[in-house]
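These notes concern the structure reproduced below.
Naming follows writing order (A, B and C), and every chain is counted from residue 1.
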């Protein structure tokens, strides 16, 4: 992997200049983002035996109080690749929470045995709350409709690995831009980079919120309800699922759930070398036929979750709060 | 352990002559079966410290999309005994599947972080499908009523360890021979060996399917609906549970569920040294009183799952697909 | 940590003088309790790398057939800190038990792969039954309303670490003393020590059972239904939750569920240096405001579960049954 980041002298992984908790992508400067990307690239090249010493004899707790298999397994793989032990909770219904225990108390107890705590929760702001009551680093693995910073970092890492840069790219975000946590965070993250153009396509009623467009003025933004309009311009189509569970109203979901499908025919209208990204799981937004084409970057993107989460955990390990 | 296999020069565990995936016992030749049995015997004698280096720094994913505690824990023990790390999914209801993700996509994502993937699924053919979309070795830990090859291999290993051979033995299969996946696979596996006699006892209506009897012509087969008829002849009684969940019709199950019980009295009519096997869990097919007799081989059989699964995982580790 | 135990010559951790199973606190003599406390203190000071060799290449199974996240994660952390591998079952509904397998058979199978088995079950006496059918050490992590010995040992360890002794202390037990398993066991354990005074406060109808008071005559016992009466006398207030799930009658629970709350105002009436303990989870028994005061010992107490469970596992490892 070669790119504009490679030239920069990067702080050592065990310096104390990283964040003390990974809660929100809005806490990340361009420099902090680049620290993660560089560390991920370094870990991808590192022999397994060497990597397995980084968190040796450390314990990582993954507390998933909302189901998310893919994210949990990715974090647990990353932690174990670094040599850490893992204790895992992934079933809200079997936890002490059913006895009425508060989330804060759960975190305070995990504080007593874990060196790093990865948290997923269905309530917005849960991860920030966890960080407040805990002396160990907290990693937010998704809190409601709010934040999922490791997803955004792996998106950026995927773009960076594929294109060797982020500056100057043209990216279409497609799908549910109203409720889609992933694209919201990606907007903020991309706004740290230079000369990035973002095309926003969504079905009517699922447009990107205005406050986000106003807060990411550094981006060149074009909006449309016509999927094909900007296709010839873009380097990347970042597709998202229409997420049933984020809709307050089932009827609103039914109207739009099959609003768009990315097919090989659509891709044929794009620039050569266009890449399709998707945070997964997909339902019908990307046709299966796309999977075997060079445009399909989404499984690579998912696999990039490992080095990026390794990077986050390794950078957090020596943090003093 | 001494037996007719010991004399054969066996391929090294890390040769590339093993299967690229373990999907069905029907993919196994006698030679491949013996490779597993010999490797299992070798691993049973190996000191723990040495064994723990075989899959060191490798990651095994156990994706149990249908519950099976015993099989999952056995695979996870085996993987960890070999030094592998394990990430585990065992609750379909908490997975991304509830968001509509396809099974293929789940496997493709696991492909991004795991070195070997153990899959259990309620649909026939799911494991073969997984192997098709995955570049890493797949181990089938049971797909519906279809296949469960590690069970068959541990059955064979148990027989081989106990009798020093498989050729020439007389084995009664008792219970539900119609729906019983275990006995179906065992029939095919035994048909690779010489001079094996199989007595098939089942309650009326639960007989072994005709196509299996036709496809295993190498066996000497005797069928009966009278449990005691062939008891004096046999070396092994392989009992199976009447599996409620495989019956399309609850009434059909109620009629036969208590059709037979293996008691000490029944065993007293058998040859000296007869052994009782059972894939477990049992319900009422074997009386508790049998547990403490020398005939009871079923807990040893379950324990043999560990070296056999260690053998499978260790033989797969260097496979190139 | 300094205390009266330090002077005693203690048996080596790997001697065979420990219990062969940890089932009930009533199996513990003062000497056995002190062996655990001393071992826990030793493990707390031990460097992680050294500790990680104690159970290296051993396998611990945690079979939680009743949900208890906190206890499970604490045991799994302890086992892994000692270098053990862990296989874990924590969802009764996904186990073979739903196929009708008996608890004894589950234990017998775990016997085939695990070196130590930690069991939690909703039925009284389940752990003792497990120990009877198993050749490997069993640790009871709670069986119904019966016993939870590692909780009692961590309570004692917390007291000993904080006060340097157990003899001579004055302890109030508050809350549900009728159904509270924790306080019952603590009564028996404290009765091994000298000159311990116990004040029992409970809402009317939830008094400590008479047979326990009679069986712990070595304690100086005072009973009251007035929370404030003995507050000025005590070194420790051991608060417990009113446990909804132990009440046969929901109405009985509703009457008493908010019977008492420990607040900073209440604590101001106690001796300087008073400590509040609680087995957690709490609901409303201790006001959140107490958490940040020096009186709050309950999160430290929960964290002490790690060295105490490490001590139990390390003492069991060389046991011959």
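Assume a residue touches a chain if its C-beta (ideal position, glycine included) is under 8 Å from a C-beta of that chain, and two chains touch if they have at least 3 such contacts.
Here the structure is a predicted model, which means the values were calculated and not measured.
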item: Angle, in degrees to the nearest 5, of the Cα rotation that carries chain B onto chain C; value: 120
item: Chain copies touching (chain A, chain B) - same or different residues, decided at half shared; value: different
item: Inter-chain centre distance, chain A versus chain B - centres from mean C-alpha coordinates, in Å; value: 40
item: Residues within chain A bordering two or more other chains; value: 91
item: Chain C - residues contacting chain B, complex; value: 56-57, 59, 61, 85, 87, 89, 91, 93-102, 105-106, 108-114
item: For the chain A and chain B complex, residues of the former touching the latter; value: 48-49, 52, 67-70, 73-74, 76-77, 80-81, 90-91, 241, 243-245, 280-283, 291, 299-300, 302-303, 305-306
